[in-house]
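Chain naming follows the written order as A, B, C and D, and within any one chain the residues start at number 1.
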Amino acid sequence: MKINLNADLGESFGAYQMGNDPLLLKTVKSANVACGFHGGDAWVMTQTVEMALPEKVSIGAHPAFPDLQGFGRRPMHLSALELKAMILYQVGALDGIARAAGTRVSHVKPHGALNNMACENASLATVVAEAIREYDRGMILLAPVLSELAKAGTVADLPVALEVFSDRTYTDAGQLVPRSQPGAVLHDSEACVDHVLRMFEQGGIVSINGKYLPTPFHSVCVHGDNVHAAETAEKVRQGLEAVGYTIVALPEIDL
Amino acid sequence: MKINLNADLGESFGAYQMGNDPLLLKTVKSANVACGFHGGDAWVMTQTVEMALPEKVSIGAHPAFPDLQGFGRRPMHLSALELKAMILYQVGALDGIARAAGTRVSHVKPHGALNNMACENASLATVVAEAIREYDRGMILLAPVLSELAKAGTVADLPVALEVFSDRTYTDAGQLVPRSQPGAVLHDSEACVDHVLRMFEQGGIVSINGKYLPTPFHSVCVHGDNVHAAETAEKVRQGLEAVGYTIVALPEIDL
Amino acid sequence: MKINLNADLGESFGAYQMGNDPLLLKTVKSANVACGFHGGDAWVMTQTVEMALPEKVSIGAHPAFPDLQGFGRRPMHLSALELKAMILYQVGALDGIARAAGTRVSHVKPHGALNNMACENASLATVVAEAIREYDRGMILLAPVLSELAKAGTVADLPVALEVFSDRTYTDAGQLVPRSQPGAVLHDSEACVDHVLRMFEQGGIVSINGKYLPTPFHSVCVHGDNVHAAETAEKVRQGLEAVGYTIVALPEIDL
Amino acid sequence: MKINLNADLGESFGAYQMGNDPLLLKTVKSANVACGFHGGDAWVMTQTVEMALPEKVSIGAHPAFPDLQGFGRRPMHLSALELKAMILYQVGALDGIARAAGTRVSHVKPHGALNNMACENASLATVVAEAIREYDRGMILLAPVLSELAKAGTVADLPVALEVFSDRTYTDAGQLVPRSQPGAVLHDSEACVDHVLRMFEQGGIVSINGKYLPTPFHSVCVHGDNVHAAETAEKVRQGLEAVGYTIVALPEIDL
């Protein structure tokens, strides 16, 4: 029983620190590394890759809309061609840094508003999937369960790793409860662990109203905005190991 | 007798047009493509690569300081580690776009102030050369003749292509006459052609004072800031072909 | 009979040239000056103000979404508080440059996607109007006729100058025909002049289907994306002067 | 006996937090507010001004080189005209936000590399001083004691407030000991307080070698890079009040 844990990393920028990357790198096995559009810069990316290597954490690109000041969370509307080019630019940039460090980018997970929009909008999802396929047909797309993005990845014949979130609740339709609504985010570490273990027991997600939506999944996103992200991540890991799971990097998962 | 012609291309940005890329792509055989730091953006880079492919023009990365507003012409002082990371980022970004288009970046030529500083400063030159070597030991460094940058490329065991400029005159020490001085730039197409042919006849550069500095060279940079750049480039090409040279892409040159 | 002609100016950026500002400044009497978010930079803004002064062209701020690469034409979704702050930032920046040159910003006209969205969305329009009022209650809002933006300006008790476009056609509802539709843009100078004169004769706009929508207006926007913008602008000016109008700066219009 | 305490504030950017502004605003009486070029953004600037107002902390602009990723600490070389325009842009932007909040920018203090370079380079110092004078002849220039910047401010007939640093030591020539040298920065709060009180007792600065350099000064910069900045600031304040000083905003100092 193998499962992956992933987190968003490398989101510092210049003099600005964000997150607790060294701690999270002790827990997760795949890192979604910011590529300079919503966070991260060339030197932060380099340091993140170099920290991930000895921890055997696999490297993923975390491309975003060009919106550093909004941290990639603002919906933007770009042409399909521009967006595809921007994704290739970001994936290539991180892969350049990874190659220089003796490793490679092995997955892609869109960030923020780009991810949210690609989960709902099939044509945007197709743009993302095609950008990845044009770059490398063997590149893993890390996408939320039950999303248009996951579907588009399958259509594009990419290896698709499905993820669930440890600290976010789901609607009856299987989408994340919007952050603006009560109960959207689980703030307590124990609640996160329970939430994750329930999804494993059920073999799918359980909505905020108790509705069961069966789906395979390969990865748990343990990154949260709260200050206890690293601590929660470690507890989720321990909870999964306690029930017999081995935490592995994404390329070690059978997709 | 094979020689390369190179030019800076893909320097448009968003709604801003610069240069006459379609015309230059009919003349040169290697393109130094802006990577988004001093000019260019992901979509411009994509279009440039796609235009270069059918013309069999080889693709080079043209990394720069992060200074779009100054077009990469302002001297900046970055740490060696940051600068190396920025070069890898830019080369990787363009290579990502190139790979998606079914080709590859085959050379690197620094842009503007970064190039000027790396031609004079041995430690900066070493940073540039090491960034390229870390990315790919087979990547060609395109560097001015008699420069610290060319030396650093040789020390780093990179294939180094040496270039002369068609529209710039040289000091007795072999450096470009600074633009601020009279006679630095040749504005007349015929003068450029004569200048280039003289360098070929002499097997080296002839300074503005007539001093002869022997040096091999493999490429002529035909890009100029003047509006007649494409026309001048074509005349230089015709002049070289008339005396028996074949214009080839950089990877076809024996280095 | 006084009327204003306005145009978007100062949209160059660094080494990138855009538009034909010196020519347009001979024709229009009010300039909407880019403030660095979609185009323009501090030095371009300074030069634009200094060119406008001797021509007695009044200075307006042309604030935009933070999207240089998309030239401010991409819809973005920002919080009201962030957007208001960005407008104040841009208006203040231009006014700082104007004060140093011995003049002042006298009007504000939003740019691109921000303008389009504020013309349709009443709450966004209110944000724009309130930003201007907070800066200076006497500042003129230059807004399209029949728009939510114009209404919001009136509600905010700002002096509102209503504008019509010389090269754009209107729907039966009084909005601009989207550029994606045929007939949206008038490409011929004579057609532009006829279009403008018809609006003056009718005292309102005439839609693309011939529907008459009465509305006062105080200014004609003569800036177009086509290469003949300056020529068309001059013909519109001559056409208006021929029927007895005097072209004046916005602050000279009774609002 | 009136003295000012100043600190750099408003250096957060988008989702990136920096500094402990609410605490520092309880201690200092003048804030040097980042203007978006090295840190800060329109919304951060707005919040900073709104937090400063009820604390009766005077607002200063803290203009910088355009280098967010380098936090304005990288030496850059811009033309005098471009730099002057950039300073006016930044001062105007903050003043726009301040006016909307019912207050005004009352001083300017350059940031980082721009400040360092203007302290040593008389022509750069003149550019800074002239930009401020062109904006407003009554605007206070806050400049380090014994600097070229202070001299240029006096020549430009600006009100010049001289500052000393609470946590930095001085060379025998009166310049800050470079951070790269041992002893440059005082890390201990008590050491900072002693350092400041000694300068008050002596009526000048005492170099790291014990050399006494008499100079008037009007303000103490209490901002430091260390995590205890707010605590140190408060101790310096208490130390000064204990020996009879009243801490006032810059406009209340006789210059």
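A few points about this structure:
FYI, contacts are C-beta pairs under 8 Å (C-beta built on N, C-alpha and C of every residue); 3 or more make two chains touch, one makes a residue touch a chain.
Remember, predicted model here, so these are calculated numbers, not experimental data.
Annotation of chain B and chain C: jointly contacted by A, D, touch as defined at the top.
Between the chain pairs A-C and C-D, more C-beta pairs are in contact across C-D.
Note: centroid distance chain A to chain C, computed from Cα atoms, is 43 Å. Centre to centre, using the average C-alpha position, chain C and chain D are separated by 39 Å.
Listed for chain A are residues 41, 69-70, each touching two or more other chains.
Within the complex formed with chain A, the chain D residues making contact are 13-18, 39, 41, 68-71, 73.
If you check the complex, the residues on chain B that touch chain A are 36, 41-43, 45-46, 81-82, 84-86, 88-97, 99-100, 131, 134-136.
The touching residues of chain D, when paired with chain B in their complex, are 66-67, 69-70, 74-78.
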